[in-house]
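Heads up, the next two complexes both have chain A, just with different partners, chain B and then chain C.
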Partner chain A sequence: MAFCGVGRSTSGALLLGSLLIAFAVQADESRIRNRTISYVMTDLFWSVYQTEDAQNECPRGFNDGPREQFEKLFPDYDSLSIEKTQLAQEIQTWHPNTEPDDFEFFEVEGELSWGLNLDGQVSANDFTHPDGTLGIDNEVYRAVGCIIGFRGPDGVEHIFQNKAILDEVFNRMMIELTEVDSLKNDESVVITMYRGKDRLLTDATGQKVMAGGTQRVDYRWGESLIRRFTGQIVDGVLFTEPIAEMVMPWQNLSVPSVHVFKDARFQLNLSSEGASGVLAGYADVDTWYYQLIRNDSTHHLSNGQISAISLYKALRRLADSHPDPETGNNTAISTALDVRMAQVYIVHPDIKAAE
Partner chain B sequence: MSSLRQVALSLIAFTFFAGGPVTVGADQESFAEAFRNVPMPDGFRVEASQEGPVFANASGMTLYKWPQHKLRNGYSGEPPGSPACYDDVLTVSAGLMSPYPPGISLPHLNKRKSCVDLWNPVTPAEGAQDIGDWTIVERRDGSLQWAYDEQPLYTSVKDQQPGDVLGGTRRRFGGDAPAKRVPVGPPSLHPPGFSIRNSFNGRMLATERGESIYSYDGDTADSSSCRSTCLAKWKPVLGPSLAREQGEWSLLERSPGERQWVFRGKPLYTYVLDSRTWSQKGSDETGWNNVFTQVADAYPSSFKPQHSIVGDVLANSQGKTVYIYNCGEDSQDQLGCDHPTETQIYRLAMCGAGDPERCLEYWPYVLAGENEQAVNRTWSIVWIDRYTGRFADPEQEGALRVWAYRDRPVYTFAGDKSPGDVYGGGTGEWRGQRNGLKAIMLRDDFFGGTL
Partner chain C sequence: MKKLVQRLSRRRFLKGALKGGAVSIGLPLLNVFLNDNGTAYANGTPIPLRFGTWSWGLGMSESIFVPKKTGANFDLPEEIAALAKVQEHLNLYTNFHVFQDDAPNLCHHSGWVVLRSGIAPTARANLPGETIDVSIARHIGNATRFKSLSATATGDVRDSFSYEGGNSVNTPEWSPLRFYQRLFGEGFQDPNASTFTPDPKVMVRQSALSAVQEEARKLEKSLGAEDRARLDQYFTGLRDLERRFDLQLSKPDPREACVVLEEPMDLPTGLEADLVATRHRMMTDLMIMAVACDQTRVFNMFYASAFSATTQPGYDKPHHTATHEEAVNPELGYQPYTSWFTRRAIEEWAYYVQALADFKEGDGSLLDNSFVYATTDQSFAKLHAIDGIPMFSAGTAGGRVKTGLHIDGGGSPGCRLGFTAQKLMGLEIDTWGDKSNTTSSEIGDILVS
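Showing the complex of A and B:
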């Protein structure tokens, strides 16, 4: 009734506008089937907040890697034995300890970081999100932010992980949202994580993942990876409840490994085509560390100037959660990962058989 | 030539036993791989082995080559026609694997062996002449050595019985693994267009492009059950018009002009849904099997296949993943360091920071049960000195009776808490390829046989 006096052309424009909005909403919801929409991961890497030339976060520069440390430790290596040099370094890599070494470790010194406030508190050690949110917990970033190999776009870890997630299937993780009424606002949805077993649908370049692909669920070897949890969608953003323990397959250089995240949660911008945002939680420190060194030889770590020996000490020093009941030492470290996903149709074998 | 043929035929009757969960047709279990007869010098023969048919000397000891292999910072091994394995005792590292530089002192210099201490050059008899692909090459001291296909030939001091292949492998290895010694043998007797690859499960047949070959239980040499809708998943492997039947290979005429290869009485197919080379996925379909020219020796009955997120691993009776230690030195001669007769310095560093007690805690040997006995040459039971890691006498105090794969002890990992855990895979230098441990995989759908 409020529009009764409005001219015909104006009302026509309003009608057209309403229709366009309706179409847009409809398009955005168009890939929901039976109140279900699913996404497959196409990018997953540690959230590393970077400024130009790293002046803000790493004012003292970047850390040395194994090659640089070896040269400093053993300037006269040709008068020494394998046991005293190479194997001594490898022993420290594979049997790490928290004793200080002779190298100053450069932690991130900036105040900004990507990530989430995991503990609901704002403390002196927390970062601030670039959008101004206080209390960001991301101590993995503090540890790796000044190591070249973890910085994008050409750090060795960055390259390998993102290549592997496109090329391989071992790490083909997906989320399926069920009981979805709207991708804009829905106070309760159910999320199930699965591993898929198919290649990604890409464009002709093979690099850009397209929405609308199909993935079969890996129940055979991936059953232990399945997790179910709930969440809500607010203004197009999915917020999930913390998941007690999430196992995330991780791969590069043809070695299968995993990360274990405790109290993990997603915060994802949803659309009909894909999802993007963060996965945040507390990473089990030992699992985190051994994933790194099992996937990368000392040679590969050297390419990214990643001293595993020094990094382990930093991870232990900065671990901020899940204290060991006996020692009281924290066993987990806060972290966040940048996530991108493409919409996918998940095929459940039992459903397919029934059809 | 007739005697060679007799050898070839007798080998077909040689018995191998099926091992592992790999699905093979019941009639595939008792074959050794046939080979093409090639001219050989007097005094040599062909032996059946786990690596397929291999050339052997008069005592039956396997012959090996050491082909040139590209490593991170250079090459090791022998270019064609050029022996590089001599009696020099090398004293420093070669720096072939970054980031560690060359020139570091190698371990145990006072008792270190030379290449020829471990690899005996195969010398021709007086007056021997080149024959076929066998040629005689000259070593730097003027002595002579047999070569096959221009690669100088050696025997391994590790081999003790005819058919042993304890010195090397034909299994695929990458640039980060040592320059390995490889058993040499006559070409396998298969038509053009096929290839064979060693795996833990046996010698697996594929097309020359690496597409896995399958057979169906319901087929016979004269009939294929796969018609109509079946062909949506299974693609018959067709022979060219000039193809001829030979030995274990025959042809089935599916329709006029369309002839399908048949191996040991089973028509052959590829699986349309295979997305990787050397895949085992097709064997998940009921009645379908990968084809092996010979299957591997059985593993101990107390071991079992175990599901993991990586695939199917070999596990001990408690379901704990079984690992094998791999080691090759960063020396120009790339000597091994993964056998109990070789230096244990590298292994002890990885398994326990140099402390044998920690090794026993973190990477315990897989102990053989009191009543268990070795079942074949591949899976043996050996006595090991718990501290040195070297072979021990059974009477030696504290000696451990452990399972060994190809004469090398196998291990479990303390970090694996539950059946299916594979947290130890890739431990050690170069992701477990050069001084470290890798899980034994029975079914690897994710990594293309690289684990």
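Showing the complex of A and C:
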């Protein structure tokens, strides 16, 4: 009896287990409609690998910002004109150059970094991913990793960039996956990037984005942002092919701007509720820099001890791709962004849907 | 009685005489103001209930602001240690939330707007609804010369958390001297003066107003709906003016605690913390006298703006900048300079409460007949957080409220305190707030059953 009882019980458990797995699979696939599932971006941070006391990556400390540099440059600024002090610094900010300045710039010195191996090679200058993957290309991290404004959880760039995603619409980017048979494994899916026009669906706090929202596509002003590319899903991770050039709308402190990423690609863990992972590629250096200073005045940069003048020199020095055909100088710098997305239903106008 | 007589200064007597008309004889006017137990005026009129607000900028350092203990006799962590002397007169509210729902979290804006209006603003220029003081003033502010009064310690006329609507901010008094002149200059009728002479200029204005109203009513008949609505808004303003004229043409009820202060010196502009404190105390003293003289029953005091630019001598960053630039000290667990600014704000809150508590009225104090609602714009300003935003109240609202308590809101809407305040002031409302900030739940723990 006892044996039989155990037998029934085991069978019941197996049946229940099978049902639960089936439900889980069904739930995971349940938001796929017409072989399509879409996600809207909710979080976007520059990938900065941080240890608790920063001793690993920034053993010499953090870089000075505009205030600290100003005090060192002009100890007697009261006796100097505005033109020779503040305006001179502002001019350098807006017309930067690669000439060395008097300040030592602290680059990241650690070996670990988030990101992807963009060039398929492993070289001495590459980082290692915390999971052991070699050849990680992320020179933006090398430049900004020892600037407190780019570090979480309270660096000024860290806070405001992400806050702007929740608060604004100009930067409402999303991806639509079509020809999807499974979120677990699919040899080929088509991905289209759009800009949405609607606010995100959040809980009552306004901070947590919920899955299941709706977004209309911005076909008018956002048409130039549309990109179509392919990818594959392996064990629940989406790997996309490189996109020659991706324009990413960016907003910070109510100022709209863009970033341009070359050979950009996503690597995202997919679920029915959302996606998370990394967006990596080569950022156009000038666009990267002017996004920063257009969005942030010297006042805001000071909040994060970000000396734009010094950072520009570092970005140029560390740029590692897309050389200018005439000068041979690299125009782009490898980078990675941490991305989180929430599942969303994309609504196309009837005429576009027909197309 | 002796005290009251002593307050009758020579200057006040002469001022009454210089107003002209039938003056001169100083009747013994102050010996019959109150009933035997000091809870009402001799004619049975109860001592009026007042509503006040107070505001400070940029929230708190939670680890040294929020007491460990809730209820009575709560501990006072170092950032609010200055409250020790007034703890018995106030309540502290923590772990109450401001909900933004589908509106953005507008830095230094969403927090105070929700707590004052019950509605999350959708843009920085958006001031939805009306503020709580306006709603309350409509209910209890009609019997006084000023429906409400606002003053700021920042010296900046733009600093106000009081508005009738998006385009109608109640500008605060920003200069002690101007505030004094407004209160006790032209149009002031001393409630304790032995005689009363209607101001002939007011009578002329009232006549002119009546004529204008007559003309406007004729005009109204020939207008479309939209214009009629505009005219109605205009009439509302006129009616308010008419009411004020009526009040000025009637002898005010005597007020025991009312004493006309000496004209203050004006202060230089600036936001250095000591200067702000001095300005705050001068404004507070004037405001209290305005309330005691029954010039208003609704009063707003603004210590610092949401983007508080208060400065500390020897430190290069003003308060707001410090909240963002100063790192959290890993050993202390908070931002020391930022906390310095918050402590200064709390010192001024303590001064404000103490000043109201020290002001005798009837058998109690002015504070006993008031309910003061104090709010800020953020909880942790460095991150622009609005969850767990702290609030205070002070006063017992005529014995209706228990004080000396620390209330944990358990994540419920901060609007509950504003709702409670409105109910205490007699507003007949079932709910207050919008979307997730909507509440119909008073904070029962503070109410005297």
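The criterion applied here is as follows: the second predicted complex is superposed on the first by the 338 of 355 C-alpha atoms of A that agree within 3 Å, B and C clash if a C-alpha of one lies under 4 Å from a C-alpha of the other, contacts with A are read in each partner's own complex, and residues count from 1 in each chain.
Here, a residue touches a chain if its C-beta (ideal position, glycine included) is under 8 Å from a C-beta of that chain, and two chains touch if they have at least 3 such contacts.
In this text, all values refer to a predicted model and were calculated from it rather than measured experimentally.
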Which partner does A:E168 reach: the first (chain B), the second (chain C), both, or neither?
both
A:N34 in the overlay: touching chain B, chain C, both, or neither? Say first, second, both or neither.
neither
What is the contact status of A:A204 with respect to chain B (first) and chain C (second): first, second, both, or neither?
second
Contact-wise, after the overlay, does A:Q55 reach chain B, chain C, both or neither (first, second, both, neither)?
neither
Between chain C and chain B, which one touches more residues of chain A when both complexes sit on the common chain A?
B
Could you tell me if A:S302 is touching chain B, chain C, both of them or neither one (first, second, both, neither)?
both
Contacts of A:D154 with chain B and chain C, given as first, second, both or neither
second
Quick one: classify A:S224 as touching chain B (first), chain C (second), both or neither.
first
Regarding the shared-chain residue A:I82, is it in contact with chain B (first), chain C (second), both, or neither?
first
Where on chain A do chain B and chain C both make contact?
67, 168, 199, 299, 302
Considering the complex alone, what residue numbers of chain A touch chain C?
67, 148, 153-154, 156, 159, 163, 166-168, 199, 201-202, 204-207, 299, 302-305
Can you check the complex and tell me which residues of chain B touch chain A?
72, 92-93, 97-101, 103-107, 176, 275, 307-311, 330, 345-346, 349-350, 352-354, 358, 415, 420, 422-423, 425-432, 435, 445-448, 450-451
For the chain A and chain B complex, residues of the former touching the latter:
66-67, 70, 77-83, 85-87, 90-91, 94-95, 168-170, 195, 197-199, 220-222, 224-225, 247, 249, 253-258, 290, 294-299, 302
Can you check the complex and tell me which residues of chain C touch chain A?
97, 99-106, 120, 316, 321, 324-325, 327-328, 382-384, 387, 435-436
